[in-house]
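Here come two complexes built around subunit A, the first alongside subunit B, the second alongside subunit C.
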Partner chain A sequence: MLSFEPYGNPTYFALLGVALLPLMIGLLYGKRSRLYETLISIFFLVLTFGGPKWTQGVALIIYILYEVALTWGYAVYRKHQNSGPIFYLMVILAIIPLTIVKVTPAVENGQASLIGFLGVSYLTFRAVQTMMETRDGTLKDYQVMTFLQFMLFFPTISSGPIDRYRRFEADYRSVPDREKYLGMIQKGIRYIFVGFLYKFILAYYFGTMLMPKLQVMAMHSRGGFLDLSWPVLGYMYAYSADLFFDFAGYSLFAVGTSYIMGIATPMNFNQPWRSPNIKDFWNRWHITLSFWFRDFIYMRLVFWFMKHKVFKKPTTTANVTYIINMLVMGFWHGVTWYYITYGLFHGCALVINDTWLRYKKKHRASVPHNGFTQVFAIFLTANMVCFSFLIFSGMLDKLWFH
Partner chain B sequence: MDIKETVLGILNDLTGNDVSGAMDDNLFDSGLMDSMGSVQLLLQLQGDLGINVPVSEFERSEWDTPNKIIAKVESLA
Partner chain C sequence: MAKRLLRIFGPLILAAILVFAVLAMPVTWGFSHVSAARERQAAVSLSPNVLRGKHMKEQALKDGYVPFFGSSEWSRFDPMHPSVLAQKYKRSYRPFLLGARGSQSLTQYFVMQNIQGELRNKKAVFVISPQWFVKNGTRKDAFGFYYSQLQTAEWLTHFRHDAIDQYAAQRLLQMPAANSDHFIYAALQCVAKGEKLTDFQRFYLQTRKNMLTQEDQFFSGIDLPSQNLNRVNQQAKKLPTHYSYSALDRLGGQLGKAATGDNRFHISDKFYKQGLKKELKTGNLKNFQKNLSYTKSPEFADFQLCLDQFSRLNTNVLFIIPPINARWQKYTGLSATMLKQFDQKIHYQLQSQGFNNIVDLSNKGNVPYFMTDTIHLGWRGWLAVDKKVNPFLSKQQPQPHYAISDKFYSKQWQNLAPSDLKQYEADNK
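This part shows the complex of A and B:
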């Protein structure tokens, strides 16, 4: 039986093109066929989770039923009552499967959990978000079928971007007018072609051609200070380039395909390498994830801390929450020392960045601001980020402990 | 005190700037506001005007200039 990584090879794109054609004609004539959309969704889900990967498919089905039961149950409950403990309990239940998947390799010598499948994190983000908006009362009419479409929307199921229920629903319930839709097709096709350049040429060069060579050289050059060497530096940049082009390329495919289906899935990257500081970097890198963390962890924690007057100063509240927020992000990547260090590094970077921004605001007259400082800020930010990706890559783990 | 004045008072306090001269300037782009400032704004609105805005109602693009914030608060009051 056929089995594919999403957007993995030319056959996948050929099938995608054929499957989308009737849907495009429909949308051009102002019609959205739910039945057809569901059929091609199932088709591509089977391609991704069927055949040799059928155990993942089973895990996906059980997981989805579980999350539907939780979100639906909570939506019904919330219509009549609104207790804090029940809400927290439901959120904990919703993230239990993801927690098991993330912790299992750490305690079972790298063995993957049986209940895991490609995209479990991204689906958990969507489910938890739906629950939080239900709690807030901003999401009032939860619909099981819409929730299923939202969760199982095949272009973004494996690695995002992470859409929002209400935004998705608005697109899904309507048909863009012809002029707008033609614009979306144009954009979608352009995104997919830029994605080809990113993923199959640039990421291939950095990730498949360059990185393995640099890794071998780095391992041979051990012995110096902290086992660091020029090849390690080269590896840091090659890894960063690969990470960016691979993930930005994938995201362009996912967003492009969504656009062609008349759904304006939000963008994941916005020129991250020109960020003048770390705070701005997180507004430009893996945007839907960092905004998810911002809206559902950072802002909520800050709100709670301030409402209960846990810390005296707002700056302390902000700093503590930065660290917690980024540590959670680190843990989410996996329970290894390098992911957690990566999270801590970014938490500290945000604290330092914020302190500097406050200082600059106060002493505006004495802090120079010109073309040179701008270029220096971008250079410094990009290098800090690349260094954090070196931690993230696990290369230091290989250098030091293997 | 009317809503506009109260909101401007809160914003001036939070940003440390007089924003009344730039009612359509994007507060996030200029760095005057951030997530922390947003939460403080929501809490102040609750305390001073008794308006309850849940965090998930805070869609940044709808709250990014003084004018938009005032309009939003007026619609919720």
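This part shows the complex of A and C:
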């Protein structure tokens, strides 16, 4: 039985090319065949979740049925009534599977949960978002079939980008005109090829060739202050480069494939290493995730705090929400001290950044702003981010506790 | 539209054709030459890429290097290491070290597959580690680490239908690594069942072999580690200008004494302090090998693959059986009787088939400064090896006469209790 990591090897891309060819021809002639799209989706889902990984496949099917029942049920209910507690209950029910998957390794000595599968987080984000927009009333016409296509859209199922139901639906229901679609193909192909460079050359170099060596060196050089050494610094940069090129490469594949299917899935990265501050960084790094957190956690919390007048000053509201927001993101990565510390670190960084920007605005005359400060800001931000990734990598955990 | 499509897909198609052409065509593209300096480097690099590849090994063996099959002992570079002695005293041979931590018989069998021309009617050295012969044989992850599609493809393009191939295919199918190419996996299933390969399978394997051969030519020389060659050069400086066994043996003792300090096992202090000391404090190591046995293992059949291959290629092989540090053995409770039994079993497998060049050092575990650490040869141990290896490789040797027996692939042999060995010998006379 064939079984693949999505975008994992040349065979997968060859199969992808063959499967997409009829679809491409169809779209060029203004036709979108739902049936064909569904068939190749199922084919690639079986490749990803079948064979030796069939238990994941079963978990996926049960999970999907569960989320469909919840979102559909809520959409029907919402047409007639709109009670807060019911909404909260539904959201909690929707995130229970993800919570179990994330907490299980922490309480079961690192053992993965039986109900987990590749991409459970990303599906939960999509389901919760559908529910929230139903509650807001912005999503009025919930359709089970569209929801299924949206959830199970194979190019993005395993690791995003996290699309939005209404945006996806608009693309999915229409066929781009030929000129526009040719542009999409061109972009799609380019994205996939940049992805090859990122994932199979750069991430391979940093992640597979450099990182293990640096890790061994770092473990051998323990004993100094906090067991830190030069190899740890090298590891920090190599890990950051690997994380970026691996994930950005993967995202480029997912977006590129979507484009070829005539779906303009949003981009996940936008030159994050040139961010002058941490807030800007989160607008450029894993964009669909941070925007999801912004829209469905940060904004909602800020409104709730303001509505209930929890804090006097709006800045306090913003600061507390930053910390909560990033802590939730930390927990989402997994219940380990380093993911949570990573979240807290970014929460604090956002608070400090906001304070500094306010200070700078007030004292515009005395704070210099020139080419040098710009470069310095970018340098500082990039290094802070790399340091946070060192925490995130779990390397400190290995250095100190193993 | 056609024009625009051509602009988008033209370069892609062209690139695909070019890449495929370069990789699939059996042309050497002028990469065939390997400089003497790179051969020196590759011979001691212990790099997994070199082991998995073909090009470097093949070229070096053609230029007078001799394959030294083994495992982790090769990384113990001290002045008496075979590579250092051969370089310093300008021997007529140079060792090409094949194997590193975790490489066992099955890996070595596949390593031999694409250097057959260089093994035929030649000589080789083979270090048999008793530690390989544990209950489950080679570790699947270690085998996977050294697994080479190139070697497997090469083997599948020249295999014959007999016990050796069937056993090798069955054994390979038990390894997760075999699954890395679906077509190779399917071909292995055919070989394991004794079926013929289809024309398509043969075509695929041939094409795949060509591609992997090209890849190996292009890439296996990249990132060749140089630190081991530097080590060899460093260690050679510590040796006297002229070879004298007694002088070197004295020097080995002195070097050993200086390096071992006063730890309880009389082993390299560097090794001792690298984790072992910490581990000893927990007390977990005391008697932890009490129930370990090297007498029943699939490794005996894997090892037979190597013997079978040597016999087919008429390779004259010198086998070395290293000892275990006696102090370590006593401390960890490893049974001396069991080690003796292992020794008898492996001797029978070798000698009953005509492999009579055996350097059995298994009773030297208590000779001072013979072992650099718990299970690896060092200083005087390496010198004892050299004493046999040098004449074997430098002088003309009588033609070996091998008489291979397929019974060594059987489960019965793999799991034969040492107490039954005498009876077995009598039955099979």
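Note that in this section the second predicted complex is superposed on the first by the 402 of 402 C-alpha atoms of A that agree within 3 Å, B and C clash if a C-alpha of one lies under 4 Å from a C-alpha of the other, contacts with A are read in each partner's own complex, and residues count from 1 in each chain.
Everything that follows uses one rule, which is that contacts are C-beta pairs under 8 Å (C-beta built on N, C-alpha and C of every residue); 3 or more make two chains touch, one makes a residue touch a chain.
Small disclaimer: the values here were computed from a predicted structure and weren't measured.
Trainee: Just from the overlay, do subunit B and subunit C fit on subunit A, or is there a clash?
Mentor: Partners fit side by side after overlay.
Trainee: Name the contact category of A:L28: first (subunit B only), second (subunit C only), both, or neither.
Mentor: So A:L28 only meets subunit C here.
Trainee: Once the structures are superposed on A, label A:E5 by its partner contacts, choosing first (subunit B), second (subunit C), both or neither.
Mentor: Neither partner.
Trainee: Rounding in steps of 10 degrees, give the angle subunit B-subunit A-subunit C taken between C-alpha centres.
Mentor: Superposed on A, the angle at subunit A reads 160 degrees.
Trainee: After superposition on the shared chain, which partner residues are touched by A:E108: those of subunit B (first), subunit C (second), both, or neither?
Mentor: Neither partner.
Trainee: Between subunit B (first) and subunit C (second), which, if any, makes contact with A:R178: first, second, both or neither?
Mentor: Only subunit C is touched by A:R178; subunit B is not.
Trainee: Decide which partner touches more residues of subunit A, taking subunit B and subunit C as the two options.
Mentor: The partner making contact with more of subunit A's residues is B.
Trainee: Is A:I189 touching the first partner subunit B, the second partner subunit C, both, or neither of them?
Mentor: After superposition on chain A, A:I189 lies in contact with subunit C alone.
Trainee: Could you say whether A:F303 touches subunit B, subunit C, both of them, or neither, answering first, second, both or neither?
Mentor: Touch partner of A:F303: subunit B, not subunit C.
Trainee: Can you work out, in whole Å, how close the C-alpha atoms of subunit B and subunit C get once everything is superposed?
Mentor: 31
Trainee: Sort out for me which residues of subunit A touch subunit C in the complex.
Mentor: 2, 11, 28, 178, 182, 185-186, 189, 193, 209
Trainee: What part of subunit C is in contact with subunit A in the complex they form?
Mentor: By the definition above, subunit C touches subunit A via 1, 4-5, 7-9, 12, 182, 223.
Trainee: Please output the residues of subunit A touching subunit B within their complex, sorted ascending.
Mentor: Those residues of subunit A that touch subunit B are 132-133, 136-139, 279, 294-295, 298-300, 302-303, 306-307, 314, 317-318, 357, 361.
Trainee: Residue numbers of subunit B touching subunit A in their complex, please.
Mentor: Touch residues, subunit B against subunit A: 16, 31, 34-36, 38-40, 42-43, 54-58.
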